[in-house]
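Shared chain: chain A. Partners: chain B in the first complex, chain C in the second.
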Partner chain A sequence: MTDYAAVPFQPIVQGVISFPLGVAPGSPVVFDGEGVSGIARVVGFPTGAYVLNLDEGLPGNAGAVEPGAGPVVNPHVRTMITARGTGVPPVSLVATSAVLYLLSPVAGVGADQIVVVTETFPLALVDNPAGLEIIVWVVPNG
Partner chain B sequence: MADYAAVPLQPIADALLTINAAGNPVITGRGFSSVARPVGSPIGDFILTLDSGTGVSDIGSGSLVGEPGFGFPDGFVGPNGLDPRFARVSVTMRGGTTAPGTTTISTRIATFITTPGSGALQIQITLRNTANAVTDPMGAGVANADGSGVEIMVWNGNAGPDNATAQLVGPLFQGAMQFP
Partner chain C sequence: MPDFAAAPIEPIVEGRVTFPAGPGGVAVFDGKGIVSIFRLPATGGQGGYIFVFDVGLPGNAGAVPFGPSPPLAPDPDVRAMVTPLGTGAPPSSGITFIGVSYPPSAVTGVGSPAIAIVLQTSLGAFIDPVAGFHIVVWRGIGGGVVS
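Moving on to the complex of A and B:
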């Protein structure tokens, strides 16, 4: 195929966030996939906000993507979030979705956690019953 | 792992689009040469221009029969236009200042802007909030309740024939023009 000016994207996370016991506030949340060593609800938010711990990386790049600078936490990573549907025809409860990258308190490590947030309409945090697909890439913008 | 029917999908651009202190859009990333607001559209609407491609490797991209305005004439060298039928775009909001990092932007639209004979050289990204009002992905130089920027990724898919319309003649895996 045509050789466009290629940009390497390195996939580091792929998986599905789901709720095996349903979407009651504070119910368990599970990540099935690769690249994440743990998932939990964000403390103080029983619905619609999840923190994912990235797998540890290779020596010298331990468990994080590069630290960023400026008004945005990290320019070196990109994420795609897709809500899965339920019912016929399938619907999701998600009206907005967003991602944040949390810096490790260890200087120089970079972002070692990802926060995924979903809201319904009218705007309110919500767990999507059918779950969320997530893919994360590192991009070499340094 | 399982060997699925693999699909070539070539990553060609990524950007983190933010707003600087002067209120102008800025991109961090690769594959885009510039970003600007469209004339007459002062908020929530951005035109990103793709980098020109590598000249030699663009030879023979081939025009698309019956599709005026898309693809290259045979043997034409760059610029690096995309065929919108094969390009894929991901647009993801970064969370804003409302804990735990929400955004008000619900609609994220990617529109290809094509140039006859070259294909799509630009991509227009439009963001709207839940009230359907065009909205910037952050404030001027700072995150706000709408977000802290928007991530954009672009891939180019297989520019060959669509497998779904290929003429296949059995037995399995025997091509239509294959002889014993």
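Moving on to the complex of A and C:
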């Protein structure tokens, strides 16, 4: 196999989001992995919405990922979310997930937080009992 | 951009799962890192699979180790991506729910030698996506708990 990456990208976050005390509304949420220095529920949403602070050692300015150029706010970041299953067979409750990159209030810094939202079907915010796997990659300008 | 991976991961499985005889038929894995596939009996013949890791993978006898726990037991240091392929115009997969888990080995301390994947429709029915699905599995390296 040729030894090159035609589309290089670098993992900056890898880990598992889980709920050590269960998924009651407002229960604690933790991150186990690398690249995130803190995690909390989004204020006002006791289930299914989490804000992750990027580790300040990550590429970019003060732990932030640089925003893309152009009229669309497009941080050069790609994220994967996969729900772990529970039971036999191991099913998940997550039908759809979404991510959003929150810009730092400091001009030019970029995004220093990622919001992850998970919903079941019919659509309603949900904590997945077995947790969520997450990987975030930074990509060079395209 | 700095030339390093701040959160290193290692791909240990990549491939595509298809059903040459159609949904409910034999599941075939085409790729690397998997030595065999079994269907999960609890899903009634479709939509549930056990993929046995290649013995050449990192870990003990082809298994992935569990991370430090509790409070997150069991927490294998593995991250997986499962993407169904679609058919038709527009190409739809029919899959709404995707769940993954890592069944532990019967041998204490070995970790997990396999990954279980479950695919369901919006109504909770277990189905094989007609066009198959992609799978990538990475080992996560290091890390710790933050809250």
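Everything below uses one rule, namely that the second predicted complex is superposed on the first by the 128 of 142 C-alpha atoms of A that agree within 3 Å, B and C clash if a C-alpha of one lies under 4 Å from a C-alpha of the other, contacts with A are read in each partner's own complex, and residues count from 1 in each chain.
The criterion applied here is as follows: contacts are C-beta pairs under 8 Å (C-beta built on N, C-alpha and C of every residue); 3 or more make two chains touch, one makes a residue touch a chain.
Worth saying up front: this structure is predicted, and the values here are computed from it rather than measured.
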Exercise for the section: Mind working out whether A:T47 is in touch with chain B, chain C, both or neither, as first, second, both or neither? Expected result: neither
Exercise for the section: Kindly classify A:I12 by the partners it touches after superposition: chain B alone (first), chain C alone (second), both, or neither? Expected result: second
Exercise for the section: Using the touch definition from the top, say if A:P75 reaches chain B (first), chain C (second), both or neither. Expected result: first
Exercise for the section: Applying the touch criterion given at the start, work out whether A:L123 contacts chain B, chain C, both or neither, answering first, second, both or neither. Expected result: first
Handout entry: Partner chain in contact with A:Q113 - chain B first, chain C second, else both or neither
Key = neither
Exercise for the section: Using the superposition on chain A described above, determine whether A:T86 touches chain B (first), chain C (second), both, or neither. Expected result: second
Practice task
Would you check which partner chain A:L100 touches, where first means chain B only, second means chain C only, and both and neither mean what they say?
Solution key: first
Exercise for the section: Quick one: classify A:V30 as touching chain B (first), chain C (second), both or neither. Expected result: second
Exercise for the section: Could you tell me if A:E133 is touching chain B, chain C, both of them or neither one (first, second, both, neither)? Expected result: second
Fill in the blank from the handout: On chain A, the footprints of chain B and chain C overlap at residues 80, 95, 121, 140
Handout entry: Touching residues on chain C, where the partner in the complex is chain A
Key = 1-2, 4-9, 40, 42-43, 48, 67, 70-72, 75, 78-82, 96-101, 116, 118, 120, 122, 124, 126, 138, 140-147
Problem - Footprint of chain B on chain A - complex, ascending - result: 1-9, 42, 44-45, 49, 70-73, 75, 78-81, 95-100, 115, 117, 119, 121-123, 125, 137, 139-141
Problem - Contact set on chain A toward chain C in their complex - result: 10-16, 18, 20, 28-39, 55, 57-59, 80, 82-86, 88-95, 121, 130-131, 133-136, 138, 140
Practice task
Spell out the residues on chain B that touch chain A in their complex, using ranges where they run on.
Solution key: 8, 10-14, 16, 18, 28-31, 50-54, 57-58, 61, 80, 82, 90, 92-96, 99-106, 130, 138, 141-143, 147-149, 151, 153, 156-160
